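So that we are looking at the same thing, I have put the structure below in structure tokens.
Letters A, B, C, D and E mark the chains in the order given here, with residues in each chain numbered from 1 onward.
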Amino acid sequence: MTFFTKRYHPPGTPPGTLTQMPAEEAMPLRIRLIDYDKDKVTVKDNVEAADCHAFLASSSSTWIHVQGHPTEAALRELGSAFSLHALALEDVLNTGQRPKVDKFDDQLFIIMSLPTIEEDRVTIQQVSLFLHKTFLISFCVGDFAPFEPVVRRLQAEGSRLRSRGVDFLLYSLIDLVIDQGFPVLEDFGLQLEDLEEQILESVGRETLHRIHTVKRELILLRRMLWPQREAVNQLLRGDYETIRAETLIYLRDCYDHTIQVMDLLETYRDMAGSMLDIYLSSVSNRMNDVMRVLTVIATIFIPLTFIVGVYGMNFDRTAGAWNMPELGWPFGYLLIWVVMILIAVLMVVFFRRRGWF
Amino acid sequence: MTFFTKRYHPPGTPPGTLTQMPAEEAMPLRIRLIDYDKDKVTVKDNVEAADCHAFLASSSSTWIHVQGHPTEAALRELGSAFSLHALALEDVLNTGQRPKVDKFDDQLFIIMSLPTIEEDRVTIQQVSLFLHKTFLISFCVGDFAPFEPVVRRLQAEGSRLRSRGVDFLLYSLIDLVIDQGFPVLEDFGLQLEDLEEQILESVGRETLHRIHTVKRELILLRRMLWPQREAVNQLLRGDYETIRAETLIYLRDCYDHTIQVMDLLETYRDMAGSMLDIYLSSVSNRMNDVMRVLTVIATIFIPLTFIVGVYGMNFDRTAGAWNMPELGWPFGYLLIWVVMILIAVLMVVFFRRRGWF
Amino acid sequence: MTFFTKRYHPPGTPPGTLTQMPAEEAMPLRIRLIDYDKDKVTVKDNVEAADCHAFLASSSSTWIHVQGHPTEAALRELGSAFSLHALALEDVLNTGQRPKVDKFDDQLFIIMSLPTIEEDRVTIQQVSLFLHKTFLISFCVGDFAPFEPVVRRLQAEGSRLRSRGVDFLLYSLIDLVIDQGFPVLEDFGLQLEDLEEQILESVGRETLHRIHTVKRELILLRRMLWPQREAVNQLLRGDYETIRAETLIYLRDCYDHTIQVMDLLETYRDMAGSMLDIYLSSVSNRMNDVMRVLTVIATIFIPLTFIVGVYGMNFDRTAGAWNMPELGWPFGYLLIWVVMILIAVLMVVFFRRRGWF
Amino acid sequence: MTFFTKRYHPPGTPPGTLTQMPAEEAMPLRIRLIDYDKDKVTVKDNVEAADCHAFLASSSSTWIHVQGHPTEAALRELGSAFSLHALALEDVLNTGQRPKVDKFDDQLFIIMSLPTIEEDRVTIQQVSLFLHKTFLISFCVGDFAPFEPVVRRLQAEGSRLRSRGVDFLLYSLIDLVIDQGFPVLEDFGLQLEDLEEQILESVGRETLHRIHTVKRELILLRRMLWPQREAVNQLLRGDYETIRAETLIYLRDCYDHTIQVMDLLETYRDMAGSMLDIYLSSVSNRMNDVMRVLTVIATIFIPLTFIVGVYGMNFDRTAGAWNMPELGWPFGYLLIWVVMILIAVLMVVFFRRRGWF
Amino acid sequence: MTFFTKRYHPPGTPPGTLTQMPAEEAMPLRIRLIDYDKDKVTVKDNVEAADCHAFLASSSSTWIHVQGHPTEAALRELGSAFSLHALALEDVLNTGQRPKVDKFDDQLFIIMSLPTIEEDRVTIQQVSLFLHKTFLISFCVGDFAPFEPVVRRLQAEGSRLRSRGVDFLLYSLIDLVIDQGFPVLEDFGLQLEDLEEQILESVGRETLHRIHTVKRELILLRRMLWPQREAVNQLLRGDYETIRAETLIYLRDCYDHTIQVMDLLETYRDMAGSMLDIYLSSVSNRMNDVMRVLTVIATIFIPLTFIVGVYGMNFDRTAGAWNMPELGWPFGYLLIWVVMILIAVLMVVFFRRRGWF
């Protein structure tokens, strides 16, 4: 199912309930820990929640990234290990949430939507981020691990990322998630240009289908990206003590990007709508042309067929001089051809004049 | 009548008038009293208003749930027993109200809309809630008793619900009412997916009817759910002394859900609109294809029929050498077939080239 | 004229000019005075402006209701008798005003729109109200006297209305005017249900006309009722000393009703729009069905007619053995029937398979 | 050119540049000076800028009205004579400005749009007003001199206008300009009623053209009148010392009128849109009716023509007993007529039953 | 590619990264330095970044204009020379940004969109402006150098521009960029007038294409100009110390112009939409006319062709007296002509009466 991607508990479930995912969907869980300060970086793959405590307590910045759909037990363990709020954990598990920012005590909880496009079909992965004073925990449900570029930047010697705190790391992750919207929209831009050309050349059923798909995907994309803008704005205005002033200037740049993304999206929606109009009138124009030409042809032959019908009648010429004397004229046959050609020519001229074909 | 579901008094009726429902609609009234604190739970079914006083006076939390359409007398009795405001009681009786929050002295009056769906048809039940310091009174008009899950949670030993006050119970009821929107929208999501497939396969009249029904149901649903969001927001911002700060964090989660519900609803409305467009153009496309093929067939036969008509004419070949000499040629008949086949082939080629069939 | 119902002076007329209505429109003016307090009620019909002074000066509540189109002179007299502002009087006379609240010194001037429906056609009557500390003057231009229920409630012994001030009377009148919207909208609801059924059954020209009428009436109704909501809201928020706090709780209920009215109106507008779409596609569906069946019939007969034309040609069978030998076969005629039936059957099968009829 | 009526300088021109109008557009400039107080009025036509100084310096109120398109030199002279700001003078000359209020030191600069309608075509004249403490300068570009009624009121003995300051004169001029919207909209109301009737009676090409014209004129009108409302609101809220409190009560009335004008305009736009829908479906309904009847006629004759074709075939009845024996039956001809009439009747009945004609 | 004109880095790139443009796009970079005060102007073309330091340090106003796409190295050099913020430089390079105002320390960074139109196709050039206390740096990417008029005004002796600071220069540049919208919109106005005439005269495919192009260009233009209004408003309200109060009065005029531009744009969008409706109904009207006339012609001949078919049947007149005796009547042939002409005339009259052709 594509249209309804929100997971939810049966109404009446206690708040904060964590429900095990059906087994077939669960993917192997990978937890990666990165502990860094200006001077050194430690990367540990496939750690356990218990292994992290030492790093969290230290004054260096720590980033724990959980990739894949966590099991209920794993999430509960992570939750108690890092003291994450039950309502937030529920949202991590029940993917399909709207982007938002929530504050639980000294912990900032952020949900973002990461769009990816493959063969003109948009997929939205949910990214959940917990920001504390000295550590950041990120959850990304799905196959696609988007944060590799940031990991590489962290590992690069002398990177600005390393010399700043976890709030700058948070910015880097959010920036990456938002900028992911540009290639997706670029793909839509290309599709629309392609469609525009296609409409001018020929109008088949698959054109209609494609316009419809673009419109539907844009509607779905809009639903997930619109609140993203609001969420980043909330981060900017929220005056959270875990985000430093020098990071805000970068988040403002981020906010600009969300506006640009929404702007493009709305423009494309307008265009897709406009293209449907053009498609429909192109189809009807083309149909009209065909029908008009064919009808004109038919109309030209109708009186001619009548005339030859007349001279196919079997009136008894011997019964009276007025019974079809034409049939007995020496040049009757030629005359009738002349008459018919004349009629045809006159009709063609008349129809042409009125611009009917 | 489905479109106009608002009950109202004749204009000019004094405010707070309670009117008896017509007998055939009235369902048996069931009043259930649940008195609870951390340690014990008392559940009494089918109590009378008079029996409740002792419980209301106690310091333990008390929940009185009234299921079914109350008679005028019963409501008046309940009203005076629990000192409910006359204007609020009027709204309990006149169902079809918009969700809202009203404050009468120390009493909070909340109206919610509980949507249920059966065979793709949405029904809205009105839920009315009165919140006092130590007790909560809920009215649910209709057959469907939605609050059983909460009753079970209350009866469960050590449930968080029991250790908190009636404001948390209020949250639990509101949460349940709002989350009821998800299965309803899931049903719409499935219908839309189903419709989308149906449109691509075939276009019958019942498809149009279904799209129309979905659109209409979404319009009606929207009318009742939109103000729900506003009402929950008012609870969040209202600074009511009967709602404690620790409950607000849960209500905020609730508010998120109302936004998600509206979001989905708007998305589905967009999609239903877009589907109607696609349906219409599919129908016209299909029609055009049929007509074009048929017209092309007709157009090919028109000149042929004319030709055979020509040689059906009865010109007197003995009257002159120019009168239809073709009829006397030994291979005239074969020749005419060759000519006709040639014309047909040329026309087919011409029409194919121009992509007319 | 229905679309433009605003009376106005020629541009450049001094403000506060009162213009005499054309004689044919003027209806007999009826002025009724009701003076009441908790203990007694005095009702006087057809009073003169001069008779009212004694009552206005008294401490009891006084309600003067003017029904019908006042003449210029009468209005001027009333105006000076009760010291009403010239700009307000101008608005009383120039009906077709938007609902609004104006404050002139200690006098509150309120314009309301009273909708009535008759044979599916909406009429709007203008109701003008002046509220002072101890008296209320109401003007209702038109035949329909809406305030009889309130008069009866005032006359009833022990009515709440009598024990409260003129601000509660003001609320009662406004409430009545607003609640008048419900029966009007109920009528529209019934019309829409009726139309929906009608569309599914048959599509005639009068259906289109009815949809159009409903849409137009809803547009006109909306124009007058939308500002009503704003006006009541202004009364709620305006902090006017002539309206007491205990009346505000009732006005809030009133405001709820205006929202419900607008809500229903917008829903019905959406539905009427949606119905037009359905109507149009139903019409085109039905037309398509007819045309497709007829065209298929024609297409089946076209090759058959060509074949019988072929054997109606007069080629001279004696001129050569190849000239239409079929005509001389003993079973030629039967054979040709077999061939034609075969062609017809094949075409029917082919068209059925492709679902063309 | 009608769509683009904004005059503008080439980009990069210094601010405040005054450009001479092309000579053919320039109309003779008429400057009229009116100096008045409670007791006396002086009216001077065709004055020069230099003549005005004495009046401006006096304590009496002075109104200078400039009618027609001023030349660059005249404007420059007026500008320096009355110390008007260069940017404001630029806007006086470059007509097609949006209505607005600007404040330059102690001088209030107001631009208004005066709509006039002639033969269903709207023209917008720009009115520019400068308000000082004791004098008001008005510019009206165009032939139509709208302010004659105000001049007559000023000359009338004992008029309220004379006893109040120039701010009341300002109100009177603005009120006149705004009220000019009512006759224009009344004209549109009449056009729409006319169109509605026309649509129900017949559908020709000129109907479509008229609907289009109404829609376009309303779009253009809306563009100029919408900011007018904003401008009057700014005067009301702006707390300008040149406008006295007692004049504000009148301006509030003015503001009400701008709302009513916009209200009507939006309603008419809705109606024109709705009318286009109705027109389109009427056209297609009518076309469908015609086509259906004609196609039914054709379909009835198609099998009949086939039958007569069959008996026009020339099979050799002497070659075998099965070759068209019907031709030799004594009542064959009559029989065939009976068969054909039967077929025709059956088809008519069938088509009628299905409601196809 | 036209639809997606936003340059962006791959998601995950560090903020402030400058990427070299692909070589083929890079145009020769021209840097021009203008140093001026009230008394003298120095203009230097093709300066290097290093040459500018002396001028920047001086108290005179300095304007450095960079025309063309800067290379990464050049930009980096300029950036460090004038201490421009890295995030701002990134936006200068990644053209296709939305207009905006950003503040970095004592430096104001403004992005504007300069529209130009050529052969009815809009191009948007990005203009980036950095305002310091005593100098202004402007970047204009693209071939078209728009600021020549301002340069000429600066060089003119005694120009107001020279006697004011760089903030007035900033205003002059912004004013020029915004006023550039007027000729562009004038072009659209002309196109729309042209289209309106074209629609009334004839309806071809290229008309549809033009309407579509206008709509699409307006959508794209709107996307870039809408935020321009917001940006200028931010300059007005932002209370920036680098912009003096006397310049604000001019910027307010600028803001008026952005509103006028958007106003016209929205009006044209409405009109283009309305024109598409008219086009579509014109096409369908015209088609209907053609089809109706042709179908009427066909329908008239159908019964006639049937009649001549009847008398082409070969019933054996010798087999019985009832077998087609008409064929033997002396005036049978004439009679049949009379009958056919009668039928034709009756049908023509009937169709005319019902207004079918």
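In this section, contacts are C-beta pairs under 8 Å (C-beta built on N, C-alpha and C of every residue); 3 or more make two chains touch, one makes a residue touch a chain.
Note that this is a predicted model, so its numbers are computed, not measured.
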item: Turning angle required so that chain B lies on chain C, C-alpha fit (0 to 180°, nearest 5); value: 70
item: Whole-Å gap between the CA centroids of chain C and chain D; value: 25
item: Inter-chain centre distance, chain B versus chain D - centres from mean C-alpha coordinates, in Å; value: 41
item: Of all residues in chain D, the ones touching two or more other chains; value: 284, 291, 295, 298, 305, 309, 312-314, 324
item: Arrangement of touching chains [line / ring / star / complete / other]; value: ring
item: Successive chains around the closed ring, taking chain C as origin and chain D next; value: C, D, E, A, B
item: Residues of chain D touching chain C in the complex; value: 146-150, 153, 159-161, 172, 175-177, 179-180, 182-183, 185-186, 188-190, 192-193, 200, 249-250, 252-253, 256, 259-260, 263-264, 267-268, 270-271, 274, 277-278, 281-282, 284-285, 288, 291-292, 295-296, 298-299, 302-303, 305-306, 309-310, 312-316, 319-324, 354-356
item: Residues of chain E that touch chain A when the two form their complex; value: 1-4, 6, 8-15, 87, 97-98, 100, 102, 104, 202, 205, 208-209, 212, 215-216, 219-220, 223, 227, 276, 279-280, 283-284, 287, 290-291, 294-295, 297-298, 301, 304-305, 308-309, 311-314, 317, 324, 326-334, 336
